[in-house]
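These are the structures in question, set out in turn.
You will see chain A twice below: alongside chain B first, and alongside chain C after that.
== the complex of A and B ==
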């Protein structure tokens, strides 16, 4: 009974004008145009969006979860990248 | 409830018991204890993965099969307003099934396999959808009681430890409240209508009350895997606790309608602040789960037929997409 799945697409929705598209889930579809139609029916039944992106899931290049520490943890001790690191006397304004 | 099949089958070895003391297991458990979410690419115990595939897919199958008892009323809904509402509700249930299938697929199982498991009877779906809907009042009772019970169960699942499942449940919960309210509104209309309409409403309550209580699954004492699933935060509130909560909020709603809950043992206990209720017929529950409910065969027959009838469409759409891709590639090559 089993057969080939339609390809998987990731769905991104822009909730309102001025906001960025956000990942909301995925859909299977035979082609990109159908993926847009499916995404509309599955993820925007209550005016959740004003624009849709669909991206073939296979096209997404992700960081390797095993590299998480090497990739991101090294930033943990670089607190001088944040404005709160610097002591400025309270008398100094507008800075 | 939508995943009540999880609780059955003593001696089922398909979910392995793991060595709780391995370093990986301990680290995993401490992440869970710290309320961290588990994501698809994270390490997880095989038992956790399998339990989730089973639970999420049962939940998805329940949404899909759940479209059938209400779907057969769309063309017969008593007004255009009711028709539009019911159509939207049934479409939502289809959507819920799709969110949940996607969440299950992140655990490394394909959509085709999941659907195969439903159609071959390997996977279960909620017992509740094997009961018939002979009158319009049943559509009201389903929204009020079945979606009401679903909400009770799904709200704590929004805090499930597996990220994709928790996120799918948040979407689902946002949509469920409308389902319950439209059902209760149908019940109000009928119970304030003619004597015959009120009788219809009462009979629908009689039909759906006990099956709705069964939706929460076996009592805690009888459910296997329960403590492990609690520790993993796949399940967050016990079956009996959820069932009690459901009875406590639903009985006053029945009173408002002027209808009688079909349970002679039902009484308010002022000391505990809870309703006491009669014994559930677990033989019936087990029979329905085993495939011998009033509509099991019919539901599966309809699902299989819909799947088979749609096969040529799925194949044609793929063939068309491939042909177009090939044609585009040729035109692109010719233009160079």
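== the complex of A and C ==
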């Protein structure tokens, strides 16, 4: 295996039409076109999807792990924001 | 038995099987993890095509053999693959160049074979065409990257194309066996595939800044069972297990 790695791309797969793309992992590739093919070969070889996105990992702007308390912990006691007070019709599959 | 159709199916199945095995030799050795998986995927596609062609050949033969019997219990002289596909992998450049020259042919070949008067053959070709189309895109793009890459990759890619060129003539041979099937509408005239293949190859070589060698004397013999030394070594490895442990299952 090469010592100098190619840039990393994050891979998103849409399992079927109507669903959103979901992050499934990452691949190394020298250019965007290669990244799509690598993603196809690594992540959709068992019929996992009908569409692919690849995004340079360097383009992702992430939240700071040290901000976890300020960013997310304050939601813990706001149960009224969860849709748990509604009856969901049995026929609704995805919500 | 339809000897002509049987022999023709062996040729197609054997070429797919041997090239698939050659590609599988990269498993664990490719330059990148992702490439390792990509090459293994193509190897499996080709092995699957071989399974289909050899399975149909066995059915046409009607002697109780199956695809495995044809793959693992025939010796070198009974193999009918193109010489191109049995050549050792050498480096990544030669592997890619060999793959591209074959893929570009297979796309044209399957496109024509899909119009076969034999529905079983036409169905195999139509299914294989989608795989071959992706293979050609993959190998073609890689040939461009290598040819138009560094001095080293360019030199190796050019050397590979030069070395392989004399093995490309066999893909367009139309011997008595093919001619007989052409008459029955089962097979396309392989000579008729040359112009479209030339155009595909010329496009990619130009983009890859590689020189197209002149057509001259061409290697021949694989389709009639005359092979190079390399095929025997490949079969020894590929056939070892079923021969040492007949009927082994897992």
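Remarks
Just so it is clear, the second predicted complex is superposed on the first by the 77 of 95 C-alpha atoms of A that agree within 3 Å, B and C clash if a C-alpha of one lies under 4 Å from a C-alpha of the other, contacts with A are read in each partner's own complex, and residues count from 1 in each chain.
The rule is simple: a contact is a pair of C-beta atoms (placed from the backbone, for glycine too) under 8 Å apart; a residue touches a chain by one contact, two chains touch by 3 or more.
None of these values were measured; they are calculated from a predicted model.
Partners chain B and chain C clash in the overlay (superposition on chain A).
Once the two complexes are overlaid on the shared chain, A:6 sits against chain B and chain C alike.
With both complexes superposed, B is the one of chain B and chain C in contact with more chain A residues.
When both complexes are overlaid on chain A, the residue A:65 reaches chain B alone and has no touch with chain C. Contacts of A:42 after superposition on the shared chain: both chain B and chain C are touched. When both complexes are overlaid on chain A, the residue A:25 reaches chain B alone and has no touch with chain C. By the touch criterion defined above, A:34 lies against chain B and chain C together after alignment on the C-alpha atoms of chain A. For chain B, the stretch among 45-53, 81-89, 117-125 or 225-233 that collides with chain C in the superposed model is 81-89. Once the two complexes are overlaid on chain A, the chain A residues touched by chain B in the first and by chain C in the second are 1-2, 6, 27-28, 30, 34, 41-42, 45.
On the side of chain A, the complex with chain C involves touching residues 1-2, 6, 27-30, 33-34, 37-38, 41-42, 45.
Residues of chain B that touch chain A in their complex: 41-42, 88, 91-92, 95, 98-99, 102, 105, 110-113, 116, 119-120, 167-168, 171, 175, 311, 314-315, 317-318, 320-321, 324. Residues 1-6, 8, 25-28, 30-31, 34, 41-42, 45-46, 62, 65 of chain A are the ones that touch chain B when the two sit in their complex. Residue ranges on chain C touching chain A, taken from their complex, read 31-35, 37-38, 41, 137-138, 141, 145.
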